[in-house]
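Below you'll find the structure I mean.
In this document, chain identifiers A, B, C and D correspond to the written order of the chains, with residue numbering beginning at 1 in each.
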Amino acid sequence: MKSRKLLMIPGPIEFEPEVLSALGKPTTSHVAPNFIQSFGNALRMMKEVWFAPSGQPFIMAGTGTLAMDMAGSNLIERGDKVLVISTGYFGLRYADLLLRYGAEVTFLQAELGDVVPLDMIEDELKKGAYKLLTFTHVDTSTAVMVDPKSIGALAQKYNVLSVLDGVCSVAGEEIRQEEWGIDVVLTASQKAIGVPPGLALMVVSEKAMNVWKKRKTPVANYYSDWANWLPIMQAYEAGNPSYFGTPAVNLVMALEKSLEIILAEGMDARFARHQLMAKAFREALKAMGLKSIPINEAVSAATLSAPYYPKGITGGQLLAQVNNEGVILAGGLLPEIKGDYFRIGHMGSINRADTLATISAIEVSLKKGGYVFEDGAGVKAAQMVLNANSYIEKR
Amino acid sequence: MKSRKLLMIPGPIEFEPEVLSALGKPTTSHVAPNFIQSFGNALRMMKEVWFAPSGQPFIMAGTGTLAMDMAGSNLIERGDKVLVISTGYFGLRYADLLLRYGAEVTFLQAELGDVVPLDMIEDELKKGAYKLLTFTHVDTSTAVMVDPKSIGALAQKYNVLSVLDGVCSVAGEEIRQEEWGIDVVLTASQKAIGVPPGLALMVVSEKAMNVWKKRKTPVANYYSDWANWLPIMQAYEAGNPSYFGTPAVNLVMALEKSLEIILAEGMDARFARHQLMAKAFREALKAMGLKSIPINEAVSAATLSAPYYPKGITGGQLLAQVNNEGVILAGGLLPEIKGDYFRIGHMGSINRADTLATISAIEVSLKKGGYVFEDGAGVKAAQMVLNANSYIEKR
Amino acid sequence: MKSRKLLMIPGPIEFEPEVLSALGKPTTSHVAPNFIQSFGNALRMMKEVWFAPSGQPFIMAGTGTLAMDMAGSNLIERGDKVLVISTGYFGLRYADLLLRYGAEVTFLQAELGDVVPLDMIEDELKKGAYKLLTFTHVDTSTAVMVDPKSIGALAQKYNVLSVLDGVCSVAGEEIRQEEWGIDVVLTASQKAIGVPPGLALMVVSEKAMNVWKKRKTPVANYYSDWANWLPIMQAYEAGNPSYFGTPAVNLVMALEKSLEIILAEGMDARFARHQLMAKAFREALKAMGLKSIPINEAVSAATLSAPYYPKGITGGQLLAQVNNEGVILAGGLLPEIKGDYFRIGHMGSINRADTLATISAIEVSLKKGGYVFEDGAGVKAAQMVLNANSYIEKR
Amino acid sequence: MKSRKLLMIPGPIEFEPEVLSALGKPTTSHVAPNFIQSFGNALRMMKEVWFAPSGQPFIMAGTGTLAMDMAGSNLIERGDKVLVISTGYFGLRYADLLLRYGAEVTFLQAELGDVVPLDMIEDELKKGAYKLLTFTHVDTSTAVMVDPKSIGALAQKYNVLSVLDGVCSVAGEEIRQEEWGIDVVLTASQKAIGVPPGLALMVVSEKAMNVWKKRKTPVANYYSDWANWLPIMQAYEAGNPSYFGTPAVNLVMALEKSLEIILAEGMDARFARHQLMAKAFREALKAMGLKSIPINEAVSAATLSAPYYPKGITGGQLLAQVNNEGVILAGGLLPEIKGDYFRIGHMGSINRADTLATISAIEVSLKKGGYVFEDGAGVKAAQMVLNANSYIEKR
C-alpha cells in the first residue's frame, strides 16, 4: 500500500510533487534577482489564470479569510451598503467581516442546496445605494455553485462593485473576471490553485482600485491596507525589489510552479477536466443511491461533492472506514445538518486515479456498513463517464 | 491532472515518498555512526523480509544481474553441473552467465505460460551430480510464477544447492527462505522491495556459505567475490565500520526506510495485498475479454500481469493511448511474441488507486481503439474483488 | 564551488536542511491527527523558547508586520495612550500602525546607534496614563539592541502593558518573557526562529489577554482579532481540531522541526553561540578597520552587524564583489544613511563555516576594492575569538 | 549551529543541493524519453569532463572497484603482462585484482610520499612485452599525486595500454585523456564528480576498445563484460532505449545534474579552484606547523591533504575534537602508518566556507589538545592565499 493516504477534502488537496519540491528548496533572498523574477512571474500568471489582463494581482502571506478581509476593508468605508449573497457558511462569514468595518449589510440567504434567484438579487439591487455585493462562487460547506457571470452582469447594470469569493473555485471552475466584469476575485492557495496553505490571492479591477484610491477615510485594517502592498506588487511585477514585509519566499516559488503547471494544461482543458471528474463523482454517487445537497446539476460545483449519508449509515462510521481504506474525506460543515452529509474535494490535480480510488473506497465502506446496492455500481458509473468523455493527461 | 504519470511497469515502480525523501537526504560518511546503524538495520531487516534468520545478507551497488552473478560466481567452480529451470527470458540469462564461469549447464525450459513440471525436474535431479539448481520465481518476461517451496524441497532431497532468482518477487510473493530450504534468494532494489534501482540484494544460507568456503579455486569474478564483501557485511551488522568499497550510502538509507515500511505493514498483510490486487487485475482483464500468458491462476504472478492484445488492437496504439491517459505500461519482452502482449507491474506500494486507474486507462484506450466490450466492465470486476476482499490501508 | 551562495542577510537566513525537508513534505489535512499533534507541539515549544510557560502562543499565516498588527489592534482601543520606543526603522512602523487604530502615540527616538536612556523612558512613563509601550529588541535597520529586562521592569513598575518586537531577536538574543514581565513578545519565522517566511508568531501574557477580554469596543481588524484565533490555538494545544482559517500546514510542520532543533541545542547554548559568532564578527570588522552603527558592545546585537563602508569603498561595489565571492549581504535600510553602511545577518543556524566564509569574502572584496589593511587580519581576529571561546557543534 | 556536520573526508563529499534534489525525484521508467535523454546527456558530458571526445563512456551501478575490475577484466587475458605503478593502498588493490584475471603483474611501489621516478617506469617498460600499465592519479591513502601526462606519454612510446585510476581525481585534478593518450580513465561518483556513491564511471579510448574486440578468450567477469554494456551505452547515447540491466535511474539523473554544474563552472575554473583551496590548506597546515605525507608540492594532490599529527596529539583525540567542532575528517588508511596521520578531503563543491571552517576547527582542536602555535595562524595563512588568488563563485 502507499503509506500515505489520499487527501480528498476540499483543501488542502493533493499537491503536485514539483510544487512541493519548489516549496522545499533553499530559500533565497526576497530581493535576489531570481526571486524578483519568480514573484513577477507569479503575478503575471495570476492575471492569465483569472482572465484579468488589466487587473491588479496581490499575493499575501495569510489565509483565504485575509483575502476576504483585504477586499472588504479596502473597499468599504463606514456606512457603505453591501449586499451579501450567501449559499452557505462562508457568506455568513463575509457578512460578519463587513459589519466589523462598518458596512450596512443586507443578507440574501439561498435555500439549502440552491442559489439565490437572480430576480431576487436584482430586486434588492434596485432598491439602490449599494456600493458592493459579495458572493461565494462555490460554498465549501454545501458544494453549491452560483453563476458568477449573471451576478457580475447584474452588478455592472446597477453599478455596484462585485467581490467573488473564489476560495473553492479559482483554477477549478470557469471564471473570466474581466469579461464578466467582476471587480475582485479572491482565493487561497490550498484549493484548486494547488499550493500548500499560507497564501491569500486576489486580482482587483481597475475600477475597484480607483474606488479605493478615492476613499475618504483610512483603511481600518493596517496589515490589509493596499497602500502598504500595492507598491510592492507593482515593483516586483516591474522587476524591482521592494520591501514592506518579507514575502513568503518559498510559498511564492511554489505558486510560480503551480501556475506554470496550470497554464501548461490550459485553462479550458483544466475546466473540462474538473467537469469530467465532477460528473464521474455525481454519476457514481447516484449509482450507489446517494443524494447530494445541490438540488440539481446546474448548481453543482465541479470542485467538490456533498452527498448525504444513506439510511442506516452514520458519518463517524463511514468516514473512519473510508480512512481505513486509504482515503481521507471531510465531514459536514454546515452547523444545522453537520451530521447528515460528507464532503469530497475533487479539485486541482484531481485525476482518474484519485477519482476511482475514492469512489472505490466509499463503495467498499458502504458495503461493509451493511448498505445494499449493486456490486461495483459506483466505479462502473464513473468509468462510463470516463469512457464517454476521456481527457488527455499530460506530463 | 497529476503532472506525473503512473509508472506501472515491472520495475522501476512507484516508490513511497518517504523512500525518495531518504534517498535525497545529505549523504553521511560511510563510517559515521548513523550510517553504520542504518546499514546494520537494513541487513537485519532483510533477514526478516526473506524469512531467513540465520542467512547471510549482502547489499551491493549493482543491478539484479550482479546479484545473479555473485551467487553464480561464488558457488560455481569450473566443471560443476548446474540445472537451470527457466520460465522465460531470465532463465536463459542465468544459463549464459553460469557458462561463463565454467559450469556444465542443463537447461529445462517450460512451455510458454506454464512452469516446468516437478517430475521433470526430479527426473533430471535423479541423474545426479548436480551441485546447484537455479530457478526464477516470477519471470518478468512472462508473469509466470513457479512454486519455490516444492522446488526447494526437491533440491534438498537431492542435496543440490538452490538459487532463487527473486528479482520480480521478493517482498511481493510469499517466500520463506529458511523454512523452504532455499540457499540463495536474490533480488534487485527497484522491484517489490521498493527502492530506486542500484542495489543488488541477496541472502545466502549457512550451507551455501560453507560450500563457498571450501572452494578449491578462487572466485573468477573479483568484484563479486564474497571474500571481499563478507567481512564488510559482518562488520556493519555488528555495528563496526569497515571498508572495501564505498557503500551506496543514500540507496542504503532508502533501503532501510523501505524495509521499515514493509515490516510495518507485515509480511502476511503484504502478500495478501499483492494477491488481492493481482486478482483485481486478472478479473478486470478477463471481464474485458483479454487473455494472459500464464495458463492458469496457479502459475500467475501476484507482482505483474502479461495480457495479450485483443484482436484488432496493436501494441504501439494501445500503449501510446494508455500513456496519453496517464499510465505507463511495458511492452512484451519475450523475443518470439514481443508484439503480441504487454506487461503491467503491480507490486511494492501498489494500491487501490493505482489498480483502478490502470484498469480504467486500459478500458478507455481499448474503447478508443474500437475494441467492443461491456462499458465499465473492467473497473466493475476489479471493484467486486475489492468489495469481497478488502484490505486495510495503513498510514 | 557550491552552486548556491551563502545567504547572510538579516532574514530570510540559511535554514536547516531538515526544516526545508519538513516544509516540502506532502501536506496533510489540517484536522488530521498527526497535524493536530504537530501544531500542538509547536505551540508548546514556543512557550519554552519564549520562557513563557503560562503565556498564550499564536501561530498565524502572515509576516512580522501582522504580528505587530495583531498585538497592536487587539490591545489598543481608540484613544489609548502608547509609548513607542524606537531605535530605527521598525519603531516608526509601530507608531504608524498604532495610529491607525486610534492610539495616542508618544514617540521616543534613540540617537543613531544608541538606545533611549532608561531614565528618559521612566520620565515619560511617570507622566502617566500609558496603557502600552512598545520597543524593538534589535532593530534590523541599525543592529542596535536594547535591554528588554530593564524596560520590562519599568513597564511593570508603571503598570503599562509591554510589547517587545522581537522579530530580529527571538531565539537569537536572550529573552525570558515571563521572568522579565513582558506582555507580548512577537516575531516572524524567517529570522532566528529558522523557518522560511510566512508565519507571524507571538506569545501573550495572561495579563494582556485579560486586558483584551475587557475591551469595550470590538477589535478594529477582523483578521487579527484574537476572538477568531484564540479558540483555534487552544483547541490545537488541547489536541482537538478546530477551524477558523486553514493553518499554513507545511510551514507549521517546518516550525515544529525548527523548534525541536532549537530546544535540542538548548536555549543557553544557543544564546552563547550567537554571542560568540557576533563577537567574532565584531573583532573581525574592527581588525579590518571598519566601524559599526551601534556605539558600543552593550548595545550591539548578537543577530546582525551593521558596519560602515570604509573610506573609498562604495556599497554597490563592495556588495557586488562579496556576492561574486559567494556571499549575499544586505545594504543599509535606514533612509538617511542608506548608502553609508551594510548589514550582515548572523542568526539561527549561523556557525563557524558561515562566519569565516563571510568575513573572508568581505576581506577579499575590500582588498580588491583597494582598501589597505593587514593581510588576513579579519579571519585571524575571528579565529582568535573562536579559539578562546569554542562552542560545541552538535548533530 | 547547523545541525549537520561538514563532511570533509575524501569521499563521500558534500554534494550540491541540486544534485541531492535530482536524486530524490520520483523515478521514471528506464525507457522513458526523459530518462533516455538524461542518460545520453550524462554520457556526452562525461566525454567533455574527461576531455575525451572520441572515447567510449560507461556508467554502471557499482563502486570504484567495479570500475577498476571492468577495465582490468576486459583488457586482460590470462598471461598478459601488466605494470602496476603504486603510490599507496589502491595500487596494491589493482595488482590483487589483475592477478585474479591471470595477469603477470610487475609492481612498482613508490617511496612513501613520493611518486615512482619516470626513468624507473621507463626502464621497466623497456624490458618489453607489457600489454597494460595502471597507475593511481591521486592515491586516497597518501594524497600523493602522479603526473598522468608523462606516464601517458611513456605508455604510448612503448605501445602499452594505460589505465588511470582517477577515483580521487577526475573533475578535481587536471586530466586531458585524449590529448595525453591515456586509454582508460576511471572513477567513482562520490568523489570530485559530486554524486552520492553507487556509480562506477569510465571513458575508454578507441584503441583500448579495439584491443578488447580482438580478445581471444571471453571476459572472465560476466557482469563487467563490455559486451553486455557497450550496446546499452551506444543506444542511450543515440537516443534509443535498450536493456541489459536496469540502470540506476536516480543516480544517473543526479549525475546529469552534477555534470551540468561541473561544465557550467568550466573545467579550467574548476581545476583552478581545486588548486587554490588545496594551496590554502597546505599553507594553513604549514602555518600551524603540521607536516604532510607528500614530500613536496609537485606531488601533492589538489583533492585531499594528508597531514601528520603534531607531537603530543593523537588521532583519536584530534579527530573527535574536530568532530565536536562540527567537521568530519578521516583517519589514516595506509596500514603501516595508520595512526600517524589524518586525511582532509577538499574536492567537488569545496569552497571558501568549507575550507576556512575546516581549518578553523583543526586550529581550535589543536589548541584544546595543548599544541602550541601562533593564535589564528592557520586561517590567516589560508586567507592570504585567498586574498592573493581569489576565484569567482558562481550560482
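Brief remarks on what is shown
We take it that a contact is a pair of C-beta atoms (placed from the backbone, for glycine too) under 8 Å apart; a residue touches a chain by one contact, two chains touch by 3 or more.
Treat the numbers as computed from the prediction; the structure is a model and nothing was measured.
Shared contact partners of chain A and chain C, listed by label: B, D. Of the two chain pairs shown, A-B and A-D, the one joined by more C-beta contacts is A-B. Greatest centre-to-centre distance from chain D is found for A, with centres as Cα means.
Centroids of chain A and chain D (each the mean of its C-alpha atoms) stand 54 Å apart. Between chain B and chain D, the centres computed from C-alpha atoms are 34 Å apart.
Taking each chain's centre as the average of its CA atoms, chain A and chain B sit 45 Å apart. The multi-chain contact residues of chain A, meaning those touching 2 or more other chains, are 4, 14, 17, 21, 25-26. Put simply, chain C touches chain D in their complex at residues 1-6, 14, 16-18, 261, 264-265, 273, 324-326, 349-354, 356-357, 360-361, 363-364, 367-368, 375-384, 386-387, 390-395. Contact residues of chain D toward chain B in the complex are 4, 7, 9, 11-12, 14-15, 20-21, 23-30, 32, 61-66, 69, 72-73, 96-97, 100-101, 188, 190, 196-200, 218, 220-225, 228, 244-251, 328, 330. For chain D in complex with chain A, the residues that touch the partner chain are 17, 21, 25-26.
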